[in-house]
Amino acid sequence: DFVRALDEVKPLFGVSEEDLSRAVEGGIIKFSPHIDKILETGAEFINQVKSNTTPLLSVLVHGPRGSGKTALAARIAIDSEFPFIKLVRPMDMIGMNEMQKIQYLQKVFTDAYKSPLNILVLDDLDLILDWVPIGPRFSASVLAAIKGLMKNKPPLGRPLLIFATTSEKTVLQQLQISFNQQIAVPNVNTQQELAHIMHDSGQFEDIQRAIQMIEETTGKREIGVGIQQVILGIQTAMQVDDSTGRFAEVMSDFISEA
Amino acid sequence: DFVRALDEVKPLFGVSEEDLSRAVEGGIIKFSPHIDKILETGAEFINQVKSNTTPLLSVLVHGPRGSGKTALAARIAIDSEFPFIKLVRPMDMIGMNEMQKIQYLQKVFTDAYKSPLNILVLDDLDLILDWVPIGPRFSASVLAAIKGLMKNKPPLGRPLLIFATTSEKTVLQQLQISFNQQIAVPNVNTQQELAHIMHDSGQFEDIQRAIQMIEETTGKREIGVGIQQVILGIQTAMQVDDSTGRFAEVMSDFISEA
Amino acid sequence: DFVRALDEVKPLFGVSEEDLSRAVEGGIIKFSPHIDKILETGAEFINQVKSNTTPLLSVLVHGPRGSGKTALAARIAIDSEFPFIKLVRPMDMIGMNEMQKIQYLQKVFTDAYKSPLNILVLDDLDLILDWVPIGPRFSASVLAAIKGLMKNKPPLGRPLLIFATTSEKTVLQQLQISFNQQIAVPNVNTQQELAHIMHDSGQFEDIQRAIQMIEETTGKREIGVGIQQVILGIQTAMQVDDSTGRFAEVMSDFISEA
Amino acid sequence: DFVRALDEVKPLFGVSEEDLSRAVEGGIIKFSPHIDKILETGAEFINQVKSNTTPLLSVLVHGPRGSGKTALAARIAIDSEFPFIKLVRPMDMIGMNEMQKIQYLQKVFTDAYKSPLNILVLDDLDLILDWVPIGPRFSASVLAAIKGLMKNKPPLGRPLLIFATTSEKTVLQQLQISFNQQIAVPNVNTQQELAHIMHDSGQFEDIQRAIQMIEETTGKREIGVGIQQVILGIQTAMQVDDSTGRFAEVMSDFISEA
Amino acid sequence: DFVRALDEVKPLFGVSEEDLSRAVEGGIIKFSPHIDKILETGAEFINQVKSNTTPLLSVLVHGPRGSGKTALAARIAIDSEFPFIKLVRPMDMIGMNEMQKIQYLQKVFTDAYKSPLNILVLDDLDLILDWVPIGPRFSASVLAAIKGLMKNKPPLGRPLLIFATTSEKTVLQQLQISFNQQIAVPNVNTQQELAHIMHDSGQFEDIQRAIQMIEETTGKREIGVGIQQVILGIQTAMQVDDSTGRFAEVMSDFISEA
Amino acid sequence: DFVRALDEVKPLFGVSEEDLSRAVEGGIIKFSPHIDKILETGAEFINQVKSNTTPLLSVLVHGPRGSGKTALAARIAIDSEFPFIKLVRPMDMIGMNEMQKIQYLQKVFTDAYKSPLNILVLDDLDLILDWVPIGPRFSASVLAAIKGLMKNKPPLGRPLLIFATTSEKTVLQQLQISFNQQIAVPNVNTQQELAHIMHDSGQFEDIQRAIQMIEETTGKREIGVGIQQVILGIQTAMQVDDSTGRFAEVMSDFISEA
């Protein structure tokens, strides 16, 4: 069902935060087997850390803009039921100078070192580093701090799982930030996947008509649009009577611009 | 009618500001069907947010210099009758350092989070970021703040519509600022559109003569000049007796330089 | 007559300043019809603002070094008899940091907003922005302030005319500073123009001999030297007995180096 | 045996630190004769300094990421039984400004000058210098300090052995940091080496099957993966029943990405 | 005569300074007619300013390193017998920050505005601007100050003559510093000029032998070395018995390296 | 004899410092006639200054890394028996900011101006300027100070001889630092020179065998290694029984890497 999925993610253990919940507010629509596979892999990493086999594990969650990286990382983190889960977003550090950002990050890691099982989600890591492709520019000292903190072994018996999300994987590679593992999050790519989401929304009567219109307008079968934009397109379409036609229009625009 | 249209935009609801009113001081001349379409699309975005279907919607209003971006965004915002509407201009932040600009922007967004329906107009967003093509230069920390604030979901029940204007669309793309939707504002492009504006001004007796002179001088039919310059040209022409001839001269200069 | 023309420009209305007067100290020699045309166009812009048709008008006065831009802008401004006229020079801001420069500029504009009719002359605008072609370098924050201030509509009933002078027109274009209108100031280009100035100075007995010598030495008829240098050349020549011969020498050097 | 090797490296002489011990927590698996050779060469450098033949000796330990540089340098240092051994890591200087970093480094060297036999391990020296390949960027003043300190002769009778580790040897060359000697640390390169490690772990029943699967998946015999990643791969494989199959999968991924 | 010529330049009028005197300590050897011509032209500029025909005159003294620019400018200045003469050297501003340099320069000009006849010698102007060709780098704010100060008309009746020396004329051009006039200072270029200097020194018995040896060693007749180096060569040669032979050696080295 | 030569350089006159002595701790082995020539030339410069013929003389001592520049400059300085000799090293300025470095350098020169005969050794001048080839970077303000101080004439009767050492001669040229004279210090280049040093050390029985082994391993007769590395190679070889064989190994490595 397409309504807000907030209740579903309410913090059960007192550790996940409001922000984390809001990240999966829109729910996770399983529009393709990839989504299940991602959640499964995430669960495996949880176990590897939970069993204390690996005391420090870093996982890069990468994919196109709006493909659902943050929502999926948040979902996996919440489902771990770890006592300490923390979402770190660029937004949380607005207006801080470099030194303050570093202190904030140090505090986050130090907090994590105190709980028996820990997850940090570094959301939009490229933006945490103030990355801008023009220049290019970034905060070298925050980068140094992130590298040091991500390589630092937590105290014995305090295993730490780090998720970092980004739509700029190559940037992180160029900045020489290493991760132990990676999860790739795909766009909505096939007509079938799109149909799944439309059906799930309960807003459309003739799904096939919309899909056909999109194919005609764009002249191709590939969708290549993030789940986030697809949901926005549905919301725009909901404003008018011919929601099917309007959705086809909006999606065609998104596909052409992609 | 060509006289100042200030009264028409007087704040009706106590929320729009003096600045917003002055932005549409010159009125909106409907010199082409595009103008109606833009106002209509704007109204649809207003509804999408008003109905709380989409709690956060960002719209880029882009087009050549002087094409009327600010006036149109202001017009749409004023017509929404939303209780909170705020125009943010580069001018308002002159002499602030980066940290002060960020605090100012945070204050603006925080204010918006307090009212039930909100519109922010970020005017000349490229200049808010201190963008200069030579270098190029820009304020990386203000950019980071804008990205964070524009991606941050407002509190539940406080939907926010963000308009940003720019004549440098590709710059914002290179800086990786994402928008949910876009509105393109065109120049005055055809002779017919120019004639419409001349007629609307009530200043010219022989509109066709002027148009013909322009075509002869410039050697082409396309105008390609922003509405703002066209209006300035009329004002210059008004100073002399042969306003028609003078207008043709001035417009020809503008067209050649464009 | 060639003597200092200071008295002629003494502030009549208590508003123009010492600096403005000194800028036209050397008088305006009408060595070509262009000079009359420039003064005339300037007077038209004065009227457009005086009549309050256009509340904000910006004019770029551009041309080669020493061509007389500052003197002409000062002349036009003084002749307007506007109650508020202000010359803003790079020299006035030496030793100020960026923030102080911005405050100074804000003060200048704020002062202008208080008088019923206003002219600002931003002399050597490229240098006000600390422009240096090597780098290139400039003050991005002063640029931002200038852009904001030049685009800001003055209060109702306080029309403002802005003149900016520069010998670097393309620089201002690259920095994306827009002007409503432009005035091009030429060098002394023809032998006839040079003869006019020599005659005006009352220093030479055989003007044609000098001109012929110059043509022989340089091998061309074009002069291409600013009025400022021509006047300096006359002053150098005045030191010796054969002022005609010496003037030809000095001018030939200037022409060759130009 | 594959269990944590912490006890084995407990500080015996009160000088090596917790950090140093943790660096060889995973033990040293002698998967190839290179490892013995490295330890032997290291012991020779220890003797050269211990005998006071050479009062200042600097050794660069370089190799691919995760190849075991830090563990080997720590091992050699601990085995020296020198009274003063100090590990200097980028992590230890997070949040320090350049001046503080320099003071920290000066303190470390000054401390070393007080003991009769001294070893400093500068771990990830490129990161101590805040090196980032994009730009490239680094801290010029910390670099200057490192150069000065590494060239400074210790007081008579206080010989100092400096190990520096890096996976960016060419960077240090370009930055013109000179070393007296070098130790190259290789990846796990052959199937035989990999089999050695797998056997050592005691986690696999059919080592040859895994190796064969890897060769089939990757299509080549070379491994080319650091010991650190190999150990992580074993830990991941340990989570599932078919650890042999899973290890082959994970290793194949690592080999393909390398 | 070759002995120190300090007495000759002792301040006669209480205005020229110790530094100015030391700049011509080595005297001015009139090794070529160029030297007389330079001194003569300098005297003419003095007159042009003294007669108050030109209230502000700037002269660039340029030439190769060690060619005698500073000594000649100092000589001309001292010979003017103006009440205010000031030598401004990079050395005088060592350790000042940009703001302090600007204040120092403002003070120098302000001082000059107080006396009836004034000369400023800006020695090594490129270095006053902290110019370094690598980068290139320079102090943009000191440059802005210099431009402003050099363009600023002194008070009525306080004419100012500015000499600036540099061996980097093109740099000053690129930095867009304008001068009203220029003086080019040449190297010692011919054998005859060199012989003149050798003779003047009274140190050599067989001048022609030395010259012949130099021509043989270097394989050319051109000298192309600054007067400063020639004098140093004589001083080196004075240390040994065969001063003629040694001088030929040293000069040949200088010529080859030039 | 190869033992430490410290005693030999003990300060005799109370002016040379501990640092200066340590710089020639390893003695000067006269492995080639070049070494004698360098010491002789140095002595001549000493005389030129001592006799007060030249009040300010600057000499650049340049050559490959480890070729013995510092030891030779120190040797010449100590042998001068001047009352004031000062070694200035990058190490002495670690942790100083630019302003502090400049003050330190000013102090050093001011101290020198107080004694009747003075020598300054600016060791590794490129590093005193914080030169790094990547960027490239350097301290522009320290460079300006060095230029000013090196050009500044000392008070009458206080002649000053400045030695500067560097392995980056072209860098100093590009930075436009001028020297009056130069001394080039060569590597150990021939087998004969190497044999001289080996013999001098008294550590080898069969020198020719080592030389032959080196030629065979490297495939060439040229050595091209600095004296400093050769001495280190001997020290390494001294640790093992077959010192001859080990020396050949180590030297071959050094030659290959050079």
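Labels A, B, C, D, E and F are assigned to the chains in the order they are written; within every chain, residues are numbered from 1.
To be clear about the criterion, contacts are C-beta pairs under 8 Å (C-beta built on N, C-alpha and C of every residue); 3 or more make two chains touch, one makes a residue touch a chain.
All values reported here derive from a predicted model rather than from experimental measurement.
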Shared interface partners, meaning chains that touch chain D and chain E: F
Note: chains that touch chain C and chain D both are none
Chain B-chain D separation of Cα centroids, rounded to whole Å: 59
Roughly how many whole angstrom separate the Cα centroids of chain B and chain F? 68
Could you give the separation in Å between the centres of chain C and chain E, each centre being the mean of its C-alpha atoms? 34
Note the residues in chain B that touch 2 or more other chains, in rising order. none
Ring traversal (chain A first, then chain B) gives A, B, C, E, F, D
Please name which positions on chain A make contact with chain D in the complex. 44, 47-48, 51, 53-54, 99, 102-103, 106, 136, 138, 140-141, 143-145, 147-149, 151-153, 174-176, 178, 180
Complex contact set, residues of chain A against chain B: 22, 25, 65, 89-91, 93-95, 97, 127, 130, 132-135, 137, 229, 232, 235-236, 238-240
